[in-house]
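Quick heads-up: structures coming right below.
Both complexes shown next keep subunit A, but they swap its partner, so subunit B is in the first and subunit C is in the second.
So, the complex of A and B:
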């Protein structure tokens, strides 16, 4: 069978067998984790390499009736993020997680299966199913520490997210009712005869539903709460993959089934850009107030999603490139920050800003990695965040959104105010604190790997951009996407 | 080809290899002298091109002015690195190398993109230098970084505006975004109103960091001003006002390095005036003044450093340590004093004369005389404390040899330029066509100095006294307070109640649906 199908199946099967192996032997369990991870990495590279021109996989040879998977550059870019983050997080958490370790790993595999499915599918209902798979495992992962706080925040997350899912399902049902099909290409063709008003309503339902999962202000409220209470490796995946897969799905839907002409006509592009600006200004303002680093990074994630939203809602080529690149970069930068924080928490239970005082002298290399990632996420050269922000600003100016471009710079300044606060705390000497547990190499190595990517993608942005540059071809011009999907 | 800037940046990396002091000395010596030699043999007209994203960038381009600036930057880099090499830790030395390297790259860049990147790198490296160097400078570093970031971001916005209007990133095609470039340069120059970062930073950080920072931060601003904003006449008056403000503030200081910081604002005023009138003579004068100013101001900061190093104190009274106890330092102080006051046969005289000769407007000429008068007045105060007041302060320790080497090296160059001003002209093939030793010029050059001596003697009791310290109203701090207050109100509103979250979500849905109609 084709490798793309295995990208969804492998983590799902692995999770299943891990559940069985866990009953018998730990050794078997960990060897399966490692073996499956290596094979998965190989599969991902295979599929990413073969993503241009786009490939369609029809499962079970049922043609259009069956389920279609499609790999284009946008999904390939997302698979790249999965490859980078999933591997590092699994290696990190093998050592890091102490409570419910088996469950954590199994649920992570299930979540990855859901996200991979969301990324690859070309079918509206499947998209919903995979979304729920990834959301369900996320709720469980948030609650996995079983403290009062984590259960409460998981409950909030569950309620809010289900609220969003409800509207996504509603919009999916309405679409099926109007067009009689769930294949994205056919929906897009049928949609041409649907009245404007009904189409806009469906679109707003989609945007609202996904808006909750993405965390646009004021739909973001569950997110910092859940970050505070969940294990830190999960936060990496949450900010790098769960949030991002939601915005991926939304953009895929908007650009493929509605088409960029409709988006311009309905004015949603203006709304999206404005919403992005609002999101990051408020999120930056709130992030400054936080004393808990998990919450601070959570608000910072919301702010970064604002930038990504602006880029992707500009409706031009550069905006899509910049926005997609920022998705990748933010995954890496925020991953680095969370992993460093994770090591601090592992060693001396430090996750308040006050607690990390003086750690810059105890963990010099780790703190340096933190500083690099923080400067990158602020958007200062020569790191990767700068390049993608530059692209987004340039695109915003090209599309005529001068206010958005200007506010991105204001946002850069605001984010500097709180990241600098953390950095200075890191480098302020203090007498107290004894080291409780020394982090070993399996914790440090993934962190350094992500941190070095921050520098690498900043100095040689052409590496990921050679993949990302193809993204607009199939989003801005959805007839091309439709032709390939129907032709397959 | 290795550019001087990249040599320094690589030096910052090589210093990781420095496991002991000996290797540290060798690497620093090789990098600093290497950069100086390379800069000396650069031929104007040479340029390099690279492709990045979709742009063709020019990271390296040589012309007369950039070579001149590069020469003084590498020369003073050599002196500053040797001045601080014994006191600075390895990681701070790396930051210093990074800082010097990015300044040099800014000087030799040919396009706005590279300019912005290394402008930011300068800002990052200097801020981290300030933050990590001592426990007392955390808040200063925070303030410094934020202020410089505003400058960097307004430069970036100017670059974007200009790029979208002209479609080019070239340094020669500046059409729009001038106000933003002005803010960016103004913050680097510590222009009146934007200067708040400077006195507090320069007076709080360890002395060797002040030496390094004072050489490059404002001077890069001057250089970039020449590239982006030359010939805007109105700025000459702004420069004049800023300079006079610097004099008034400097006269009120009791702390050596605060006095020197405000004096930088005044001296930069000369360069701003020279660049703003836009004529070839004005610009040449401004850059010769930049060179001379780096020389004497660095020497003065080094002197202040020696005083701090040997006595541990840094008020003006503590300058009394100079004199017989520190002969080399005292000699350097005198030379620098004569130079900054514009006395003939010292180097400051030469560039001040060129700028004065290039001016047409009587207001500016009189302003310039007033500036010279004020400058020598404030340094007479300096000299008075150093040599004419009896003091009984003792040396705690002797200054290191490398400190004296750095100090002496710059003093000798200063004397050479003073005695033979044509040295600079020959070095850069720029002909100013002024006979510096003309009696009339010398008379008009020395007049402000003589007046200031007379005024100083007459008004001594008003000038030489303890001024009360008071905290100035800082509008930027007030703005920050408002920002924090708003954020606090918002964060209180987010109290973790699920019903509230659902309310927000429903409201959003209603707003979205109402947009449909």
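So, the complex of A and C:
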């Protein structure tokens, strides 16, 4: 059964039929959402279980002439993140979104189809097409609230992200011109005979284009505005999946097509680590000055992406494992924080730090979840953030980047300052607040689920690590990947 | 230096200059369109072979131009068209709210 193709097709078909059922009745709409979610979860678990050793599916049985899909451990980890975050966000947004609910759910399905396509494909232009599909639905989701701030931030996001897409398209066209093929394995073989300067130029175009979508400083300017103005369930997906899928595409291109020897020779690994350190130092400093909670969490996301960049650009095995584990952990931790913030906003319209004063006593279990997730992001044991950060620090010392390890520790203290500021405000007593709406069980359950995963993955990290440990085998030594893709 | 590639470079740089430097929202959208067109032109240029004919299956001809970049160009045209549509919809909304199309004014109003 070609189940990998259905992972991309099912959300698209569901979105199409949801658009039709929206005109008929609400009951039909929601029952289709629930049915497709259950089938999708089953498909994802089926493919993730089958992912080591990697499998190749060629669409339409065209073999190497056509588009191939390849599921290896890096893709399987992203499918796991989709499984955890997507189901949670859909359950949360069934009750949370009041305006434009049907459009929100349809656009989320299209975005998930785009992201699933991006992580499964093994073809260069197909990667660009699915990147655009997910970006296009992101632009629409940012502007869905239709307030002044939403429209302006969506336009800024649109222009900057399109700018990045142009450089990615330019690099793709030049790669096709040099090698005559679009299959990632064949490109990798042909690239060995291309001169050094040309490869460096193409690599620079790819890094600049994807850097805008990932949010490395100074190309991050669209991110805090977009976080402030978009609905909170979309913020969970954006920080957990959209930016990480751009990291996936960049790492896949750099390690498989260019190869580790070329990366070490050209010195881009040093530049990448330095850029990661610069990103999180600046992001932590800017996060302390924010008074809006959404923007604060947005800058914190940029800083965590700096850590992930350091981990993935170190070039050794432990760095890749640490960086990938941090991608999984950050999605869960940031998702918990945003969902708790969403419940606060739903019941009290609380947006700034002053508004959440004293809520620790009104919502005791929710505030405890918030504290758990905040401490996990800072990196304290026994939560999952500690495990992945420790792996990155160890890998940095092993690779000889001592300044990176030192600055990660400094960054931990910097992030502790502003998270502690929010936690203290949460537990200060005050008299004035009254509830507008009581949060429903369907809002609280996803939050507790994600929060418990924070604790679970911290105490038993071998559960996800059994999946993640196989990642460096196919990235560091790209001959394995090439052999499987060409043989299939 | 071949002339068509020089035209592509000039169009690309002109489009990027327009996006970065211009103050009017509609002109920024036009700049995006120019960059898109230059990339599609580059795709068509890659596939050309001297003496080749259109890539349609016919027994008489032996030398055809490369059909893959032409398929990529069609996809890129559709993607570019949808970009411009979303951008123009947002520009209309911004104009209705603020009454002006100058980038500086809009940033000042938001604070």
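Heads up, the rule we're going with is that the second predicted complex is superposed on the first by the 487 of 488 C-alpha atoms of A that agree within 3 Å, B and C clash if a C-alpha of one lies under 4 Å from a C-alpha of the other, contacts with A are read in each partner's own complex, and residues count from 1 in each chain.
Criterion: a contact is a pair of C-beta atoms (placed from the backbone, for glycine too) under 8 Å apart; a residue touches a chain by one contact, two chains touch by 3 or more.
These numbers come from a predicted model, not from an experiment.
*Asks:* Would you check which partner chain A:177 touches, where first means subunit B only, second means subunit C only, and both and neither mean what they say?
*Replies:* In the superposed model, A:177 contacts subunit C only, not subunit B.
*Asks:* Where does A:424 make contact in the superposed view: on subunit B (first), on subunit C (second), on both, or on neither?
*Replies:* In the superposition, A:424 contacts subunit B only.
*Asks:* So, does A:148 touch the first partner subunit B, the second partner subunit C, both, or neither?
*Replies:* Once the two structures are laid over each other on A, A:148 reaches subunit C alone.
*Asks:* Once chain A of both complexes is superposed, is A:163 in touch with subunit B (first), subunit C (second), both, or neither?
*Replies:* Touch status of A:163: both partners.
*Asks:* Touching A:132 in the superposition: subunit B (first), subunit C (second), both, neither?
*Replies:* The answer is second: A:132 touches subunit C but not subunit B.
*Asks:* Of the two partner chains, subunit B (first) and subunit C (second), which one does A:480 touch, if any: first, second, both, or neither?
*Replies:* In the superposed model, A:480 contacts neither subunit B nor subunit C.
*Asks:* In the three-chain superposition, say which chain, subunit B or subunit C, touches more residues of subunit A.
*Replies:* Answer, by number of touched residues of subunit A: B.
*Asks:* Looking at the overlay, what does A:2 touch: subunit B (first), subunit C (second), both, or neither?
*Replies:* Neither partner.
*Asks:* Considering each complex separately, which residues of subunit A are in contact with subunit B in the first and with subunit C in the second?
*Replies:* 155, 159, 163
*Asks:* Spell out the part of subunit B that touches subunit A in their complex, as residue ranges.
*Replies:* Going through subunit B, the ones touching subunit A are 52-53, 116-117, 120-121, 124, 128, 131-132, 135, 138, 141-142, 145-146, 149-150, 153, 156-157, 160, 163-164, 483-484, 486-488, 490-491, 494, 496, 498, 500-502, 504-505, 507-509, 512-513, 515-516.
*Asks:* What part of subunit A is in contact with subunit B in the complex they form?
*Replies:* 155-156, 159-160, 163, 167, 197, 200-201, 204, 207-208, 211-212, 218-219, 221-222, 225, 267, 271, 282, 285-286, 288-290, 360, 371, 375, 380-382, 387, 391, 393-394, 397-398, 405-406, 409, 412-413, 416-417, 420-421, 423-424, 427-429, 461-462, 465
*Asks:* Applying the document's contact rule, which stretches of subunit C touch subunit A when the two form their complex?
*Replies:* Going by the criterion above, the answer is residues 12, 16, 19, 25, 28, 32, 35-36, 39, 42-43, 46, 68-69, 72, 75-76, 79, 82-83, 86-87, 90-91, 93-94, 97, 106, 109-110.
*Asks:* Mind pulling up the subunit A residues that touch subunit C in the complex?
*Replies:* For subunit A paired with subunit C, touching residues are 125, 129, 132, 136, 139-140, 143, 146, 148-149, 151-152, 154-155, 158-159, 162-163, 166, 169-170, 173, 176-177, 182.
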